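In the two complexes below, chain A is the common chain; its partner is chain B in one and chain C in the other.
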Partner chain A sequence: MTSAAGAINLLSQAAPSEVAESVFDFLHMEMVNYVQQSTPAGASHKDEVVYKLERIGFQTGQATIERCTKDVHRFKDQLDVIKFLCKEFWTLAYGKQIDNLRTNHRGVYVLQDNRFRVFANISNSKQFLENAAPYAAFACGMLRGALANLGIVSVVTADLGQTLPSCLFQVKML
Partner chain B sequence: MIFNLYIFDRSGTCVYYSEYHRPRKATLSQDEEFKLTYGMLHSIKSFVTRISPKPVREGLHYYKTSTYKLNYFETLTGLKIVLNTDPGVGDIHDLLQQIYSQIYVEYVVKNPLCTPGEKITSELFETRLNALITSLPYFAT
Partner chain C sequence: MSRQLRVPDVKRINSELFTLTYGSLVAQLIKDFEDDEEVNKQLEKMGYNIGIRLIEEFLARTNTGKCQDLKETAEVISKVGFKMFLGITPTVTGWDAEGREFSLMFDENPLTEFVELPESHKQLRYSNILCGVLRGALQMIHMKVETEFVRDTLRGDDATEMRIRLLEILQDQAPPGED
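Moving on, here comes the complex of A and B:
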């Protein structure tokens, strides 16, 4: 599981051969599906699903950042790290950069992706909004794992407040 | 002119139906119409394969009557896309292929919230499909 998103893209970076992106898309779909079905129903079902997916993402993020920072210079500060995540890391994992980055300069960063890959095929309106939450959990974990491996402990949550293909990731440094 | 569109899955369920122009309404319920259409297509397909004097590759492509032309496209996985147009419209095999690969696969197969074998409820799918169909030069003429 540790290799899912990153390895696929890293492979295609190393060699110009093409790797189908759909493979990751389908694997991700099945992963969410599996976690949803294998989690016992109950009051905390939703939280538990998100938690499990987030943890898988965390490990993936840790491993991915390990590989994609091997040729990168030392980061100046926290903001530098976040910028790196928005540009290189997100491109590696989701094929595009984060569209908007906001911060309150006190350890809270909001990363906005206007066309989040995982949601792009689901909807471009409010339809399916309430069922989409678990599909962002893996990405949250990816970010948290990447940060953890760079020495920053954080909490990452996804916010799907608006219409669908866009997604906000809130990163809170602890 | 484009009249209407059916998408059947492998088991014969009509997973999507859309009407663009239909001057004459059917005299039976929609479910019955789907069944009738599917049954007829199934029969024509087997008729076509059995009666053909040459080995069959794709089988049924379209048939034409004096009032409409039924265009038929079937994928290897058994998904059937049926588009009724007026008889003047030429070969639209590529269009049906495009509907399958660029719209059905993208917005139904790659949408984890669409269950295979059930009616397609995705609005995104519908929007994209309608955008493609209505942009055709022979859509309304």
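Moving on, here comes the complex of A and C:
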């Protein structure tokens, strides 16, 4: 198991420059806010919002994985790739590893984060469950973008069926 | 300066993820607006929204009291604010005679680490979000300021300079709504 510090050093080995975690969180909040306001209201409003955030995440994921895999050994198989995302990639983005990984061995993987940082500041009652969906879209896009750049075409969805700080990401290979 | 400036210890993440996220966001804005001026405006507005929240975090984590004058404010912004949030210390310079205007010079800027502006977007002020952040944060501590990037290495200038102008000290009242 690689330590958190090891994963963070994957990027910029020479002099890892750092910013406060809260800066990323603020930017993410404002990004969701912007997309919600700039998307025309209508029947498909919610889908549009998620789609747009997912696309921003996709681009970020693509660029990030390119930089953090440049000194990593070639992956053996799909599971190896997913494991890398759960450990190194997730630590880099969200400061911890994915807590639980399940698969049906037919191309469906479920990644469970028991304390997804984006949700950590939202009340854990059911009250805001409905509004929470767009906040997971960016992370879904990041995963899909990272996979895409490693040659795996997939669909990633978030499932918030449980209590809030936890989040399930379902990755389906196509 | 008599008061000691201490930068608090906060949780940090690698700056490249932040840089790349910001880049994707700007790309989306360009797609949405197609006009550089509109993108600049939108970035400033988003920065403002961030600034009015960020000041809370800043005040909670540092024990900064009221600043005596704008000179002290400028020091705190550069040596504590920027250091704490972005890990950089822009240089404070270019004071005007009355001490109501100054510049921040950015030698490094985590937002623009991998950025090159294409010819077709020379009007874009890529880091304009920072202007909004400062305006929003300072407004919450009763200082109405105007902020603007007057020079930017991305646009071919020899340095990156943000100009900050104090317009007025606000009296106690509800801040005007803006989103």
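The criterion applied here is as follows: the second predicted complex is superposed on the first by the 156 of 174 C-alpha atoms of A that agree within 3 Å, B and C clash if a C-alpha of one lies under 4 Å from a C-alpha of the other, contacts with A are read in each partner's own complex, and residues count from 1 in each chain.
What we mean here is this: contacts are C-beta pairs under 8 Å (C-beta built on N, C-alpha and C of every residue); 3 or more make two chains touch, one makes a residue touch a chain.
This is a predicted model, so every value here is computed, not measured.
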Could you look at A:Tyr135 and tell me whether it touches chain B, chain C, both or neither (first, second, both, neither)?
first
A:Val32 contacts which: chain B (first), chain C (second), both, neither?
first
First (chain B), second (chain C), both or neither: which does A:Val23 touch?
second
Looking at chain A, which partner touches more of its residues: chain C or chain B?
C
Contact-wise, after the overlay, does A:Asn114 reach chain B, chain C, both or neither (first, second, both, neither)?
neither
For chain A, what residues appear in both contact lists, the one with chain B and the one with chain C?
22, 26, 29, 33
In the complex of these two chains, what residues of chain C are touching chain A?
10-18, 20-25, 27-28, 32, 42, 46, 49-50, 53-54, 57, 84-87, 110, 179
What residues of chain A sit close enough to touch chain C in their complex?
8, 11-12, 16-24, 26-31, 33-35, 37-38, 52, 55-57, 59-60, 63-64, 67, 92-93, 95
Enumerate the contact residues on chain B facing chain A in the complex.
106-107, 110-113, 121-124, 127
What residues of chain A sit close enough to touch chain B in their complex?
22, 25-26, 29, 32-33, 121-125, 127-128, 131-132, 135
